[in-house]
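Lettered A, B and C in written order, each chain numbered from 1.
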């Protein structure tokens, strides 16, 4: 296991290096000016600015400086937003994003597991139909549409929740629900398929033959066996969450990194875009690694075979 | 129990020997045999939700095709005087009366704007006075087009990539899989956004940007399927007989991969439609003045609190299209792979 | 002889898209205390459905249309789910066919073996684990103490079937239902498992219903044999009676298709044709279309059971007093001759027939 993890971490570093390089050179190719009011600036002023940001150096030197900076946690300086260091910008904004992200993934997976399990246990009944219908809705309606609908009815019409401000837990509820829809639908659907499979298996029949009640059978045997593969979809769900957070934070005016990313795009703030791209990729790579390790730990068939079992 | 015999009427012929029936006759197969495809279609037809979705999509696609040549009015023509008119149709059924509540009072917006009698905007107008129904028609058409073009990319890159990777195996496979691993560890949205910053915004760049990452799922599925098929006896037999790899791929793999490909395609189209809407929503998608579901949603969202109808209809349209595609895809998957559903 | 289980006129149908499949058509049999009853038949003859109905473990689309299953004076078919759950894994347990898929892949085997003890509250956790270890030793798992925490995938197929058997016997059940417990195993392992089951029966005094399509296995383990065809029992008797003096043409076919050491012909005999469609079973003897000895009556009326000896009954019109004498296949005649010799020499005899069937 240790050797396997080490190997995976190695690949992770390589992946991050390739991503950093690709992002850097892509940014070099980007059209548009980094300076919002370039039209009004003199050539001299532009030169001064370029020098200040190190943009007058040859590309390979900029690349080197950039890489060295990354190792020190320095993502460069934002062209916009009062010329703050990108790392500072990210640090000050990651809290709200993490909060709604974590809340959404907990809410989504727990409800999804529940919904999927019930649908599988009551397969081909109205309960199953209703659960499947909700899963389809959750998967089909784009989260920003859902977010706007929630905002309109619960915040604007019924005034149960604040419309768009970031103050305390109550303001995180609607964005959490909007973000949780996609993971909920994905988990419910996946869980149902797995559980139906497991419930048809011979060892479930043996569990019944031992004298377990239907609920004991589910609790002791079916649930654990269907939950193990569910771990594997956490990775894709994390991606959905990152994507979703960009619009949801925007709609609910949450000062998070998703909102920052959208703003940086519209202002051509390349250092911030680069920093956030790396951050998103890093988070994703880490999540995938953790999921793989977790999967190996909870499934005895992989844990005990020792070598690399998951892929 | 021997007494039971008495209840049965016996005659002198009863114990005449007749022997076994003709074996060939017994063993003939009574039900007509169905090909895999016929069987799948039969199963699909039983799935009401999928069939309804299929018809719905056919209708939507037909309307989209019509919109190429005809829309009620020019979708990009601006009538600032007629801005933000609510929906109205001739008979004025509730919700389509052309009236709106302003400060608690019901006001006939059409009268206010001096719209000539007989002019109706079925879904109202936007802030530039453009006919929203025409824009919705065009928008749906454009979104569907993007969905299909992006999916075409999936097919063109994903299928050959998956087949080569799975078929060649060994080092080729390892390298090709590493590449996929690296690409897929960047959130595809980030890739798409970076690409869109690089190219000038528009239909082509959106399709290319989505195509760059979208093929990965297809390639993975095709590779997995190819690996399974490769070890099948009949492919082994074809190889033993010395058929070229290319011929085997065409003759044996493509037909067997078809169900995987069709199902994945049905899932890719709505994903692409979602991405377009998302990109337009955050302002880097289809540039103005063209309408797509995303731009309509984005415009509608800005005034949603006060003019909700501008968001309702595009939101309903995208939801219906997404649900229909997903239901159809589910139905196809269940039909082609009965194991997955049972 | 004390009857421990009495199945009377059991009828089970399955609802399918094509219609009602009459899987079990009026089956009656009983099980005596301490004996092994083998139910033999080809796939789809209804043997698995029969034993699953005893455990009330039928699929959702099955419904019981009549009959009784009496266990200790109570009809299992009339019990509530709670009452049945009390019997399962306690008084009656079951050994499943495929050891590779019958064990929970994510639970240590010690826990799986101890589970029936804990469910039925017969002992506390520590004692249950101790008993589980003891039973694992009994079924021949080496080093049982250290292997309690191992998972199923760490065992071979034969070992896993031993564990499945350990789960079934851990509560010392009165009845053990074995659903083709050796089919999925290698021949050498099969023999070991059969020996193990005989040994265990001796040690814990359980009664066994052993389902198989393999007559070779039957000879080694059964006291009595019931032969099933198309959802009905068509012949039953002691193992010697069925093997040496079968009366039903289907049993002849079965025995004939079994390879023996002195099988002289190069080709194995196969019964021609296929079993009837149970969506619409024939009015007469279901075997008639495949039976070379078929008479007109076979197509018209279902044959009742005719008594051969006190323990041996067969449902074939050939046993009717008015029926003509027929010549059984050569191999069967050989068997019958051998049987008469053995009976005469006293090597086997009617004393092996453990009881007199009062039902008949």
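As a convention for this text, contacts are C-beta pairs under 8 Å (C-beta built on N, C-alpha and C of every residue); 3 or more make two chains touch, one makes a residue touch a chain.
These numbers were taken from a predicted model, which means no experiment stands behind them.
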Contact graph of the chains (line, ring, star, complete, other): complete
The pair of chains with the most residue-pair contacts is A-B
Distance between the CA centroids of subunit A and subunit B (whole Å) is 24
CA centroids of subunit B and subunit C: separation to the nearest Å works out as 52
Distance between the CA centroids of subunit A and subunit C (whole Å) is 56
Given the complex, residues on subunit A that touch subunit B span 11, 14-15, 18-19, 23, 26, 29-32, 136-137, 139-142, 144-145, 148-149, 151-152, 156, 193, 196, 239, 242-243, 246-247, 250-251, 261-262, 265-266, 268, 273, 277, 280-281, 284-285, 288
Listed in rising order, subunit C residues that touch subunit B in their complex are 272-274, 289-301, 304-307, 313, 317, 320, 322-324, 326, 360
So, in the complex, the side of subunit B touching subunit C is made of residues 1-2, 4-5, 8, 10, 13-21, 23, 26-27
Given the complex, residues on subunit B that touch subunit A span 181-182, 185-190, 193-194, 197-198, 200, 270, 274, 277-278, 281-284, 297, 301, 304-305, 308, 311, 315, 318-319, 322-323, 325-327, 330, 340, 342
Given the complex, residues on subunit C that touch subunit A span 55, 57, 81-82, 85-90, 93-94, 96-98, 101-107, 115-116, 119-120, 151, 153-154, 164, 167
